[in-house]
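Taking it in order: structure first as structure tokens, then the write-up.
Chain IDs A, B and C follow the sequence of writing; residue 1 opens each chain.
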């Protein structure tokens, strides 16, 4: 709590300082640029960290060491990978639609960065407190499939096309139950804005307060977000034994790096959304009645709570990847349309009943 | 001219340019992508008019749903690298003259009509008030059309499956 | 946003509408015709929102019309895509000129 208040003061100080020097419009423009740079730095730093953490975790789960050569315990491995991708040549296949081919990685990256905008990192640390926050994230993240389809079509390669179609079908169908899972919490907190949802969890996180319906929604959301990210066990779009690398088969160098970065950004955003909506965002863990315990929890800054929860969900997603075998395409679609979607529709009705009766804690 | 006005003119120029490109291009996939940019621009215009909810709905349904469906149907029915045939000259003349005539008539009607523009703030157009009036079953409520539309969507869902399903020949 | 005159919004929407009309008359491919129809529907939506915002700010009727148009458009497009795919299966083309079995 202490640290988050000081962060808010830092942003206010920067704002008043810029306004004292420049015209308000210019100052606003500079603030937009600063916010954008901050988001890009945060995402790139987290992506580099996550690539290393994922390779290490995969190593430990498979009883091996993971990267060890570059730097101490392989800590420089991710940076070396980034350097390699930056220095590689960007190849464009001959009979491809060149403009679309070059545009696709930008579309995917821009969309994944746009979804970070309404997320609250700590008290007051939020780029845009739009009053339809959750809805905005669902709407904008549905755009990322367009970039994937563009990449698949313009590569003029049968593996890319098949990978893009699989990926598109998967994302479009899993979006439904992901949205329904978010609706459960939106109904209980009575608002769509991210700050409002976080504020509604001041006396307890939804996953505890909302008991059965919210726990079902949480599990559904984690499954659907793993599927929307095209990660194992749902990584049919880039099943390397069947489709080489899926929609980004033809991409190399920096363009491939942009696809890679956007995949990791989407992963962060979905885990941040799950942490905000179900696990209380930057709100500390409170138990009603235990005053001393609650005060102790308040001393841990909100930003630590937020990133702790985010990394917990990231760990879950990584864990899935190295534990479950890949599904077949018919099993994948059957899981969504025959199990997840009916369960989430019934769950929404059940949650509406509970919210109406006020039976949550 | 404030900043939002300048942004409005830029966005509306983009909407028109991409709309025109989507109509005139001869590569079908590019037509879909230009249409996508045009629709995103329209969502931007809604945001400039403080209609956040409608803008998000536009992005979610038109861009994330309808354009994806159109692109899927392009994938299933066309080959990469094909170009659409050039439209016939008489169709271009007929279409252009009809569009120009219609545009002149409509703009003339708009020019003649005196719209009573009010500058009062009005009620808020947030998702909350839209939802309250939409599901209100008293005065000025829209719950009946809402139910009919949901029934229509269900019928469309069933109809799509019935039409597109492949009948197994015995 | 109050500075933008209503007339400019109407010019934008009517230009978009007649772009869609032009596309609908010149294109013979069913998918591109469908895209032109989408342009037409969107221009109508802009008009509804603009009239709601500028002329009747105390009501929400324009927004409701837009919502219903979007819902109906979604239903229409999904049915149209199903028809197009079925057509492609039977005739191996999506050109409206070539589908002339019922033409007498």
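By our rule, contacts are C-beta pairs under 8 Å (C-beta built on N, C-alpha and C of every residue); 3 or more make two chains touch, one makes a residue touch a chain.
The chain list, named the UniProt way, goes like this: A = NADH-quinone oxidoreductase subunit H; B = NADH-quinone oxidoreductase subunit J; C = NADH-quinone oxidoreductase subunit K.
Here the structure is a predicted model, which means the values were calculated and not measured.
If you sketch which chains touch which, the chains link end to end in a single open path, with no loop closing it.
Most remote chain with respect to chain A, judged by CA-atom centres, is C. Interface comparison, A-B versus B-C: the pair with the greater number of contacting C-beta pairs is B-C. Here the spacing of chain A and chain C, counted between their Cα centres, is 33 Å.
Per-chain CA centroids place chain A at a distance of 28 Å from chain B. Inter-chain centre distance (chain B to chain C, centres taken as mean C-alpha positions): 6 Å. With touch defined as above, residues shared between interfaces to two or more other chains in chain B number as follows: 53, 57, 65, 72, 74. Across the assembly, chain A contributes no residue in contact with two or more other chains. Of all residues in chain A, only 25, 95, 97, 99-100, 103, 130-132, 135-136, 138-140, 142-143, 145-146, 149-150, 153-154, 156, 161, 164-165, 168-169, 172, 175, 192 touch chain B in the complex they form.
Those residues of chain B lying in contact with chain A across their complex are 3, 27, 29-30, 33, 36, 52-53, 56-57, 59-60, 63-65, 67-68, 71-72, 74-75, 80-81, 126-127.
Here chain B touches chain C in the complex through residues 1-2, 4-5, 8-9, 12, 15-16, 19-20, 22-23, 28, 31-32, 35, 38-39, 42, 45-46, 48-51, 53-54, 57-58, 61-62, 65-66, 69-70, 72-74, 76-78, 84-85, 87, 91-92, 94-96, 98-100, 102-103, 106-107, 110-111, 115-123, 125, 129-130, 133-134, 142, 145, 149, 152-153, 155-157, 159-160, 163-164, 166, going by the rule given at the top.
Interface of chain C with chain B (complex): residues 1-4, 6-12, 14-29, 31-32, 34-36, 38-39, 42, 45-46, 49-50, 53-60, 63-64, 66-68, 70-79, 81-86, 88-89, 94.
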